[in-house]
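One chain, subunit A, appears in both complexes that follow, with subunit B as partner in the first and subunit C in the second.
After this line comes the complex of A and B, so read on.
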């Protein structure tokens, strides 16, 4: 199912039935590349995706994914990728409350997902949020509204057969006492947590950090091939993908 | 007849396109002269005002990125970076928007350093010729011998005066003891804004957006870069201090605006007044993240450990380097550099060098200071 260069170890570690995937990163080890990999995988094989982009403009994703062999402009034109440019969110609707703006955003996402469903294709559909911390900033710190939005999205994915939600969150923001209200619920609803962390010895040229993948939804049909719950491995980000390998197995 | 007319028309067109090409070439050369350097991957850089920092960051500050500098809580060393950056922009005649928590932000411009070799003097020299200038220069500035050697090398070696000039002018060395000439400051398109006792950030945001709207992003067109410099954005003397969410959303919107324009924003912030989680938020929002630390005057242990400790004024740590169109992070060979004043006037950055511990471990003196374990390893080798 997974193409070469798409990260063998990562796809092995990810159980196929994961509905909600949470990607955690920190300043020292950004995990945007995991999103790029997942987006490429979501669009491969006829799948569709909705990308809620708060962090970067479209041309950034376009150029990065193009190097990985995935033409986002084409997918966008053909209607398989729905790109929501939320860099200026909530922007013009400044008059209304943030809850209204989020509700409108949710309705837009729902329309896209419904349209995909009524087309009758059984292909996968992925809703991706890059990243949820910025959505919280856009909501001026109202974590409850963001959680409501997330909850709606989760319900949306559970309604559909092959729909999943991928959320990027900067974990180190919430490491202190005062800001845990978003991270803990997100971890709770996650079926799969992918966490990027720097090496304790600092960054090296050939190891950019380590990923730990935790499978939480361990129902029997979701069990990955090797039945493992926690995976730890190193990664190196490249222009056309990423290398994943066990510590010490590289050379 | 018609064909002939078309032929002449074509000829005329050809000629005009030829002349336009020539003019566009001069335009592009003048645009590079105004301080924009094109890099690989479609990147365009402006200089940070410190040639060493440009080299470390792979060309300079990336156009369309937000650079954040974490201030030292005890010493105003971040001002060194900010002043050099602003002075470089002024020398390049780039539009500049400065905001700082002070009553008279325009007074801050008076503290900008002057370039050691200002571009104007350079041009005058070129007009007069190398022979005449050597006399004139030697008489009025006898001390800058090293700099002059470099200049002569350049002039003897190459006849491509244009190329050399562009390269030299992209980043200047600045003399911290000499203020920038007044006429440069007055002639410029410089806006100043005070953030002291201002209750909200909407004014600053509006000023930034009008400023940036004049600098639309054009790929391949004439490049006119702008600078936004904000000093101590979250300082306690600002009226909006404590409105953490407002500040973060300001940075977020500034980032998206800068991203779509030909400008660089440099923000310094005293991170110690922010709570831990907000400090992380700010760091995540930065494209390029630097932190600066002053060193105490008499730290005997450090003085023993590092060579050239006397000249150091602080450490610069590079946390993040901005990237265009790529997901691969930039891994530097060393991320901590010592900030030194060369001849007490111009800033240089150097890799940390460990002083030799004793005679037997001489070879380890070249190893970088960030990994002290390597020294022990080499000791074991002997």
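After this line comes the complex of A and C, so read on.
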């Protein structure tokens, strides 16, 4: 059954034109592995990436991605991966407001993206945020400032061809009222929502959860093959990647 | 085609009254469809404006949610050439740099290296950099709108996409103040806006509905009655809701009456198509007929008799002068009409009679304004 492994089902479900990808997960089914896969894919084929890491230090990503066959340290040295270590964000604000530090952060991201653009690099560039819930914590719970920051990141993707934004959010920490602040607006700006959830039938030994992919893109080039907009399949996370398969196709 | 709403927007305001306003609403359950319906209506209004059929001479789009290029692309695909786009469409770009961060970056870069100037935007896109200042926003919209060419008083239409994004930056009071100021400005012909109703408390969206004369709400075709919304596990519902939605329009007439129109919205390539449900339901009725136990079909003779009934809308091909009743005096010829005096007026379908019999219904139009077979209420302008 290896033909359906290696992220093939995920790539089939994700169309190439999606500019804003929102990955939703919960405690029972973390979706960090989706970010790792997307990061690996972003760096493959000469593309560049900026990783805004609030959840983990660089070594964590380095070790995980190395097992998947992608050397982050090398990419970082060669300038294709720009790693923003934001675990202490916004440490050095010097009395400025949170909006100012987010504006500074955006400035740094835009410089990286501009540098990539002026080099005449036609390859893909991916801005990845891991994760937005922690950015909200860093912003002292001000969802509005976080949304402003996100909006500017989204404008990058529309200004530049081949630029995409990937955002991870833990959807289970928002109740239905809290969700209005950050989760719902995020779903509105998304072209593609990837949602990880535990199996509805309970725990299983060889299935770790289910993944739903919803394509919301308005433009025709943002449609995946066969015009299907909603995909649902199971996943199993492995050391060197993940397996994706349709329910019932594997025992 | 959401005809009624677009017709109101096209016809614009009457002197001394507020401009007609359309609120397009949608929730996340059919999220892209509400936005696409908005794009569709905006582009339709733009086509009317460019063709000179509308009261407005131009359209100002206030873009918060989508890049201005999306609008221009969409209008180009709808058949507007760059010439008429440049003449009739202005876009106030609140998307690219709503808080002025990019400008700050540029000014810093200029201090450092006096670097390359940013790529110049096109003529009909104006970047607005302080969305928190609602007063300035109002001034910019009106400045843009008064710039359209045309002799005499030039009207223009305004489209806001979307109110929900504006509400992140300003209070409900200031935004509703902005909208009422726009509606009462004497050069604004019509105004429309998009609102994501599930992002706000219900009272807020209702407050904005009160400001409008028309509300078009895009609702999901299928709702999971058990779980309500956002149960992503149920895939078939979602797939269905992303290609089709209900499109309900509520029109407030000037005499205070409210008219409801139920339409359906289908995705068709890059565009959406809005069709009225009635046309769908007649097809359904026809296919349902044979399943009934009784014979409801007409016989050949009944059919031919029915075809002989002259419909009341016009004197079809009978060379009679078309008379228009002006409401003051009775028509002199009316009592002379043999059909009226001798026979009572017949109902729509005449029962089978001898072959010579023919049905006729007499009807005199009130005025030339009323188009034959129009769905407009003939008493709409009645002032009681």
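Methods note: the second predicted complex is superposed on the first by the 239 of 251 C-alpha atoms of A that agree within 3 Å, B and C clash if a C-alpha of one lies under 4 Å from a C-alpha of the other, contacts with A are read in each partner's own complex, and residues count from 1 in each chain.
Heads up, the rule we're going with is that a residue touches a chain if its C-beta (ideal position, glycine included) is under 8 Å from a C-beta of that chain, and two chains touch if they have at least 3 such contacts.
Note that the structure is a prediction, hence the values are computed from the model and not measured.
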Partners on subunit A (subunit B, subunit C) - clash or fit: fit
Angle at the Cα centre of subunit A, taken between the Cα centres of subunit B and subunit C once the superposition is applied, in steps of 10 degrees: 130
Touching partner for A:152 - first (subunit B), second (subunit C), both, neither: second
Partner chain in contact with A:32 - subunit B first, subunit C second, else both or neither: first
First, second, both or neither for A:238, with subunit B first and subunit C second: first
Partner chain(s) touched by A:135 [first = subunit B, second = subunit C, both, neither]: neither
Touched partner set for A:203, first subunit B, second subunit C, both or neither: first
Touching partner for A:64 - first (subunit B), second (subunit C), both, neither: first
Touching partner for A:175 - first (subunit B), second (subunit C), both, neither: first
Superposed arrangement (fit on chain A Cα atoms) - minimum subunit B/subunit C Cα distance in Å: 17
Residues on subunit A lying within both footprints (that of subunit B and that of subunit C): none
Subunit B to subunit A touching residues, read off their complex: 244-246, 248-249, 252-253, 256, 259-260, 275-277, 280-281, 283-284, 289, 319-320, 325-329, 331, 335, 370
Of subunit C, residues touching subunit A in the complex: 28, 31-32, 35-36, 39, 65, 67, 69-70, 95-99, 101-102, 104-105, 108, 164, 168, 196, 198-200, 232-233, 235, 238-239, 242-243, 269-270
Subunit A residues within the subunit C interface of the complex: 99, 103, 106-107, 110, 144, 147-148, 151-152, 155, 158-159, 180, 184-185, 187-189, 195, 197, 200, 210, 212, 214, 216-220, 228-232
Subunit B-touching residues of subunit A, taken from the complex the two chains share: 26-28, 30, 32-33, 36, 57, 59-60, 63-64, 67, 87-88, 133-134, 137-138, 140-141, 170, 172-176, 178-179, 202-205, 208, 237-239
